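One structure follows; several queries about it will come next.
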Amino acid sequence: MELADFQFFVEVLVGGLLSGVMYSLVAIGFVLIYKTSGVLNFAQGALLLFAALTFVSLVEKGLPFWAAFALTFAALTLIGIGVERAVLRPLVNQPPITLFMATLGLSYIIEGAAQLIWGTQVHALDLGIDDTPIDVAGVFISTFDLVAAGVAAAMVASLLAFFRFTRIGLAFQAVADDQFAAVAVGLRLHRVWVVVWTAAGLVALVAGLLWGARLGVQFSLSLVVLKALPVLVLGGFDSIAGAIVGGLIIGAVEKLGEVYLGPLLGGGIESWIAYAVALALLLVKPSGLFGRPSTERA
Amino acid sequence: MSTSTIAAPRAATEGARAADASAPALEVAGVSLAFGGVTALTGVDLKVAEGEIFSVIGPNGAGKSSLINVVSGLYRPNAGCVLIGRKSFAAVPAAALASLGVARTFQNLALFNGLDVAGNVAMGLAHQDRTGLFGQIVGSPGARAEEARSLVTEILAFIELTAIADRAPGTLPYGVRKRVELARALVSRPKLLLLDEPMAGMNAAEKADMVRFVRAARDRWGATVVLIEHDIGVVMEISDRIAVLDHGRKIADGAPAEVRDDKGVIDAYLGVAHDDDEIPLELAGAA
Amino acid sequence: MADVAFRLAAPSRRLTSGAVAGALVLASAYLLPPLVGSTYLFEAILLPFLALSLAGLGLNLLTGYAGQLSLGSAAFMAVGAYAAFNFDLRVPGLPFVGSLILGGLSAAAVGLAFGLPSLRLRGFYLAVSTLAAQFFVQWALNKFDWFSNGSASGVVRAPDIVLAGHVIDGPVERYLFALTVVVAATLFAVRLANSQTGRNFIAVRDNETAARIVGVPVLRTKLVAFAVSSFIIGVAGALWSFAYLRTIEPAGFNLDRSFQILFIVIIGGLASIRGAFFGAALIVVLPLALSRLGQAAFGGAFDSGVLELSQRVLLGALIIAFLIAEPKGLVALADRARARALRPFLKPPYGG
């Protein structure tokens, strides 16, 4: 392989890994909720759309960045409380499939409501990050991707710290390990759920801003969820580490596949290549990369 | 404990008679099983003669259910083998279990809640169905279906479930559901019947019924029975022979009277050997 | 005991009354709409209702009976529609019914392939893997214009349905054709649900371990569920394209369609043959009713974008409401309503 080819390969790979971090960020929102309630929260994408749309609309109304951020976060907290009251509480002890379908319904509500409130036009979102490529040893790397990866890493670190060092975070761990035992020792499940949904909302907000800045804030933003699902299959629904590594793999595979395999197949393969890779890996190694060996994938 | 009277003489003589039969119905040879680093079974040997009612007892976590799961093919042992009839398996094929003439019940109920009681019992004959999909859709039920129906009807009557044949299992009390599971296991006339705590959660009257059914499984239908049960009174009453497991090892094996007086067994239950075990009240009372 | 023998040996009273009710529904379905229906009734309500009912029926066999959650139904509809189109186009002399069946069989083959992960994956992992079918099939149909006979957009006009030299023409004839296909498929599904295979579906769904232990061929049962379900969904896709829309387009078989079919099954009632019809009726009529309502209440102020979004919100809320209040769906509601209405006329039920 010639040097230029190799540099190009590295460029594609690094670009893939960096966009993979953004997949990880979306996937982590799923993991948080899955760990505590065993639910695949399909509404995560809708939350992301809602967050980005609310934020960008507030900014366009003249609010400063931080005020818009805080207000959006407050709205997401309200959604978290609402979801716990109106959906999770009445469906407690229902099979996971039922809860999944409820989140599917929820995603319709949140997507519809977000666009009813803020309209359906496309908003440009400028976070003030330059997207000039920087040259690292002949390999061009997008500044925006770097910053996004940095933000995502900071987000993950603060989440881990939250769950390691705060009381409610430890409660979260307990609930994730054993829901029945947690209830038995008097942990208030309802409050943990509200906190977890709010945390997932925060993750959706950050991911929504990053993705919104890249793709524009519009309905299709909620489809980012579809990119996160193969990440979850790969990394395990219950593993934050799996979400990170899975995201990196999917990001890299998608970009490399698009560049090297796409032309052979006529292009457009990024809609399914991630799924194909995730499934292929699962067939070889049914327990996934990180998830606990569970009956789900036995 | 209404059932704690020990019918030792009868059990002992029958056990002796059964033990004379040449080929064992079930043999477990040197079976070891570990999950990750946790050892569940270590070198367990068992021989169950045809026509015996054979109980496996032991403190919680002794490996009783693991043993049943190895014999029924749900777990693959790390070492050793299982002989069913004259066939030897390093790992019993669970999917072929029913065709080998083995049926089992589960510690936690494993009924099909979407089928009624009769439907659940009929599922015990699922392995006999050889009609292709097309035949099932366009064909009319043949002679085999008629035979299956009469088997189901007979077993429902025998386990006294006829009146509730069309009820959903989810609407029935726990003890009755246990009986439905027994009926599902019995309907195929198994040569070997594995019962994992069939009387757990039952009151005295329900247990007495269950004892009757388990005896009949052997006496009327010729099944060899392997039984896990916590109620020592019931075990002593019903069993021809008893094996005792503790920490995954077999520590005793013999007729009820022998096992009851075995020093090691008493130690295991009373916690002399290791004081972290729970002492079942039944044995503490019986011993 | 005699009673049980009777119950097991002969169809029960409830079954016979069901057959009478079914015959009545059938007779009115064949006779009433052609007598009183307008073109609007056929084109906007009955034809999409029939195609979606059939798709719901197919998915219900897989998800409701066999317990395998699928999010890829629209992909199998697409395969059925495009395969029927290609058989019709490329095999001279093949009667349309042959193309329809071959379309269904093609969908079954694709369904079988995407059902293979079910042998190792369960629950959400399987659901996500069925999404792969959704994206892959849509991609292939857009990418390779052979499927649409060279149309760059993938959109083609559906050829006429021809039965024994007679061109099925006009909404009434298309309705009667679709109805006949749906009736045949429903009879097939009823037979299947009551066969040993149908009971094996339920057993695998309710307790896979116990099913394996009693000798249910678990892997084969899952694959049969995928194949049969995809077959019916494929035929539904062909009806959707040939009898209802009269064009075949990949965009109509997107992820939203897959969700719509899943919603039909949930709202109608999981593991119920009638459920698919109830659910499809609601899903088809609801948006129409809502738009009428919006027109009446707000006039022109209620634009179509807002209407569509409100429908989305309402549909989502409806799903959640059903899951909470009536997880067994419209079928259970209907049964309870009928029981209440009939109670004064019936003796208390025999036995327990």
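Letters are used for the chains, namely A, B and C, taken in the order the chains are written, and counting of residues starts over at 1 for each.
Operating definition for what follows: contacts are C-beta pairs under 8 Å (C-beta built on N, C-alpha and C of every residue); 3 or more make two chains touch, one makes a residue touch a chain.
Please read these numbers as outputs of a predicted model, since none were measured by experiment.
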> Taking touching chains as linked, do they make an open path (line), a single closed cycle (ring), a hub with spokes (star), an all-linked set (complete), or other?
Replying inline: line
> Based on CA centres, what chain would you say lies at the far end from chain C?
Replying inline: B
>> From the mean C-alpha coordinate of chain B to that of chain C, what's the distance rounded to whole Å?
In response: 43
> Using mean CA coordinates as chain centres, what's the chain A-chain C distance in Å?
Replying inline: 32
> How many Å are there between the centre of chain A and the centre of chain B, using C-alpha atoms for each centre?
Replying inline: 48
> Hey, what residues on chain C touch two or more of the other chains?
Replying inline: none
> Can you name the residues of chain C that touch chain B in the complex?
Replying inline: 1, 3-5, 7-9, 188, 191-192, 195-197, 199-200, 202-203, 205-207, 209-218, 224, 228, 271, 351-352
>> So in the complex, the part of chain B that touches chain C is made up of which residues?
In response: 72, 74, 94-99, 103-104, 106, 110-115, 118-119, 122-124, 126-129, 131, 133, 136-138, 146, 149-150, 152-153, 156-157, 162-167, 184, 188
>> Considering only the defined contacts, which chain A positions touch chain C in the complex?
In response: 40, 86-87, 90-91, 94, 96-98, 100-102, 104-113, 115-116, 120, 226, 229-230, 232-233, 237, 265-269, 271-272, 275-276, 278-279, 282-283, 286, 295-298
>> Taking the touch rule as given, give the residues of chain C at its contact with chain A in the complex, in rising order.
In response: 69, 117, 120-125, 127-129, 131-132, 135-136, 138-139, 142-144, 255, 259, 262, 266, 305-306, 309-313, 315-320, 323-324, 327
